[in-house]
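One structure, pasted below without further comment.
Just so it is clear, A, B, C and D label the chains in written order, and each chain counts residues from 1 on its own.
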Amino acid sequence: MKSTSLVFGVKQTARSLRQNALMSLASVLTVALSLLVAGLFGLITANLGHIARLAEQQVEVTVFVHDTLPVEAVRTVESQLKALPGVTQVTFVSKDEALARLKAVFANDKDLLAEVEQQNPLYRSFEVRTARPEQIKPTAEAAGKMTGVVKVNYKQEVIEKLFRVTRAIRVSGLAIMVALALAMVMIISNTIRITVFARRREIAIMKLVGATDGFIRWPFVCEGVFLGVVGAGFTSLALWSSYSWAWSGVQRGMPFIPLLPKQPLLLDLTVLILGAGALIGAIGSALSLRRFLRV
Amino acid sequence: MIELVDVTKVYPNDVVALKNVNLKIDRGEFVFVVGPSGAGKSTLVRLLYREEVATRGQVIVHGKNVARLRRSSIPLLRRTIGVIFQDFKLLPDRNALDNVAFALEVTEASRREIRRRVPAVLDLVGLKDRARAFPHELSGGEQQRLAIARAIINGPSILVADEPTGNLDPDTSWGIMNLLQTLNRNGATVIMATHAKAIVNAMKKRVVAMDHGRIIRDQVQGVYAHEVN
Amino acid sequence: MIELVDVTKVYPNDVVALKNVNLKIDRGEFVFVVGPSGAGKSTLVRLLYREEVATRGQVIVHGKNVARLRRSSIPLLRRTIGVIFQDFKLLPDRNALDNVAFALEVTEASRREIRRRVPAVLDLVGLKDRARAFPHELSGGEQQRLAIARAIINGPSILVADEPTGNLDPDTSWGIMNLLQTLNRNGATVIMATHAKAIVNAMKKRVVAMDHGRIIRDQVQGVYAHEVN
Amino acid sequence: MKSTSLVFGVKQTARSLRQNALMSLASVLTVALSLLVAGLFGLITANLGHIARLAEQQVEVTVFVHDTLPVEAVRTVESQLKALPGVTQVTFVSKDEALARLKAVFANDKDLLAEVEQQNPLYRSFEVRTARPEQIKPTAEAAGKMTGVVKVNYKQEVIEKLFRVTRAIRVSGLAIMVALALAMVMIISNTIRITVFARRREIAIMKLVGATDGFIRWPFVCEGVFLGVVGAGFTSLALWSSYSWAWSGVQRGMPFIPLLPKQPLLLDLTVLILGAGALIGAIGSALSLRRFLRV
């Protein structure tokens, strides 16, 4: 491609955008809105996934050790626990600390607490966390067989509920994201198809005057990329500001909900969206053109 | 240079536009194609630059069967043929200047070349003042002259003119005819479908008369019609 | 019936297409408007059916200033004026039959009426065989005749013909001219912009000659031009 | 409008759809996808709202009564509680039941339980639910003042967290829904605008031949409605089947998640979507036409 046709391509893109301002605007808007919807749900899915992961990581096995077990043996249990596959964190809870926690939970139940406080019936324990939720059960079983361990606690039912819910969130979130992304790609390429269709006579004329397919395609692809990128730009701005807004809102009002930090999330998403916009614009234009180039 | 061998063209809706047409045009000839409306004149010329493909028979241009051309060679063929379309086929979103420049741009001519030649050609057809106007802002005759300018800008070796004076007053028509004749003298083969009886009769060039898809007369230094009255 | 009083038309891009034009056409007249390409003929007729509005001066049709018409009355004006557009303006997604029928449908004619009159008019212009063809499937002359058919289907009291024979061979042209003359004899006012010198000279009707946006000659039983040679 | 132009309108719509098959298809697809996205998130929002409401209704005030209070006095407390504004449910929990519940919670903590079981220290109580979560606090305060009431429990912090979360879900769900609906309306009307733009020359010709605005508008509006309704039809089908699928999936795998029953939810949504499709199609066409009717 010689420089003339490059210059021509750019000039032609600019002209076409100007001449078809209304159509261009409509297309940009459609692209922007479509990407916005997809991006928004990308953010939501990412955060739900994050929350689900954190929730899963909260799940722990509590390993109680006998009151009579000497400190060295307790140490042994600790190192055995740490050696188990998948174990990421082992925290020791002393008798006093266990009591303090109980107090916190039953803060209103003074009578019960008074009773318990007289002679602390609570065991020393280890709270064990694993990398992946599936490792909870084997860890609990292994811990149960260690010497000095009285009993092992883990809320099987709750864990399973939690797993099922988080898995459902992940799967459906991803499914919705994919469906949405597909839908949006289709909407954008539909829009491009319609704009190309509206100019099929022009395309035919160009071919009759001796233009090659590539020569005609080039400005259209430029235009597609331009529309895609401008749309994506608007989208990124909107996502950036709305996520920042939601993020500080949640930080202030509901600090217990752990949202993903703004960066690198937003940066990644912006790159993704700009790329998607450009790509859909380019490919959409090129594909839509094909049938009208057969002149 | 151009040869049609037993060409038949049937349009998808079963209209037979050309029936067993044989025609040979040598390099540098000037040929009028005449005949009543619907006789097949436009169809005939459309075969040359492959807007349409013959249903049967061969269309040979520059020694090649155009039906057999590779897809990528078709633009090259078209660049050697300047076409003045009966319905102008101007690009609606470009002004006069750009419409003409476009035909040069597709050949990847240099920008200097374009800046030099386009205004010159517009001047030649009398559109210098209207260079910035869009097709819908031009009068019928101005559009036609713009179509002519675009067809000749490339210095094509074959010039196909389909009714190039239909919207022009006699004076302007004769101006255009002189232009075509000059191009012809400089080596271009000119094929012109027309109803302009006065012009055909005055020019004394080869006349191919058609009717109902057949060539009914092919006459050197011919006239528009053998008048009965 | 039609009166232009000191009409000037300046297009948005500052082209002065008409300069202080005064013209009066009575009911039932047959008027040729002639002049070189770009003289302002099409602009003149476009004012009558209000495709364009005069920049200065008054355009009076059926006793009313068309510039002052209410928006809802414009269609009514247009239905009384049959227009053969220089560029045909056919609807690309309708076949010949429907293109003509459309002009009747807008007047809310009955379906029986439509079924009766449309084929008759197509026959009149010689398009009976091509009734199912779409505009792009018609030859240039056939498109022009289709435009004519559409213009006359309503039995308009004013018929505006802008270069109606530009794509027609002499025989067909004369057929169309006879048709226009018949309509004129039946009471229609006919205004025809044309370059067809032979026709103008033979018909001996009123000729309005224009140049550069001015009327330079208005002659009863006129000719195309006062020849110098 | 006479019957001719009605017939004409329908004929014209059919012709236009046929002639512009590609464009029509693209438009229908865009409409369908847009409505689908909006509808999907309508369903999700409705269910989240439903779950939030149920969660809020789970919140209760526990009113403990003195062990020494005679049964009749307990009855009085009960009827006083029931008479409080907003109270919807009052459940009596006996000492034994309270113990049974404690056992369930501390199932693994045999030592603690044994101790407690010797002398049941738990009070009899009433669990009180209110119609709206804001009524929890006044109810608790009123109950505190009743004779024989030892203390009143309600998890202030949890409740407030819950409220904040459910409110956030409701507000953001609704906001996203509204934004989405707007975005989709814009996308659809953009699509229509582009298709109308592509036919602006035809519209001008019609006007020059003497057609009134209404005459031209009518088939376009018909076409818009048709496109809208067909698109909405596809959408409804897709929503219907996907919700049914998700619903039975959840019923089977996660019965603890309370989804809204399929009917009348889906029926309402279908009516809404069909209506929206038709309306957007009609109004979109009519509005898009306006500027091209000025001929």
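Rule of thumb we're sticking to: a residue touches a chain if its C-beta (ideal position, glycine included) is under 8 Å from a C-beta of that chain, and two chains touch if they have at least 3 such contacts.
A quick note: this is a predicted structure, and the numbers were derived from the prediction, not measured.
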item: Chain of greatest Cα-centre distance to chain D; value: B
item: Geometric centre distance via CA averages, chain D-chain B, whole Å; value: 67
item: Averaged-CA centre spacing for the pair chain C and chain B, given as whole angstrom; value: 28
item: CA centroid of chain A to CA centroid of chain D, Å; value: 24
item: Residues within chain A bordering two or more other chains; value: 20
item: Pairwise touch network: line, ring, star, complete, or other; value: ring
item: All chain pairs that touch each other; value: A-B, A-D, B-C, C-D
item: Partner chain A, residues of chain D touching it in the complex; value: 20, 22-23, 26-27, 29-30, 33-34, 36-37, 40, 108, 111-112, 115-116, 121-122, 151, 153, 161, 164-165, 168, 172, 176, 180, 183-184, 186-187, 190-191, 193-195, 197-198, 246, 250, 253-254, 256-257
item: Chain C residues touching chain D - in the complex, by the definition given at the top; value: 49, 51, 71-72, 75-76, 78-79, 83, 85, 89-94, 98, 102-103, 105-111, 150, 154
item: Residues of chain D that touch chain C when the two form their complex; value: 2, 4-5, 7-8, 15-16, 19-20, 202, 205-213, 215, 295
item: Chain B-facing residues of chain C, complex; value: 11, 13, 15, 34-38, 41-42, 86-87, 132-133, 137, 139-145, 162-163, 166-173, 195, 197-198, 224-225
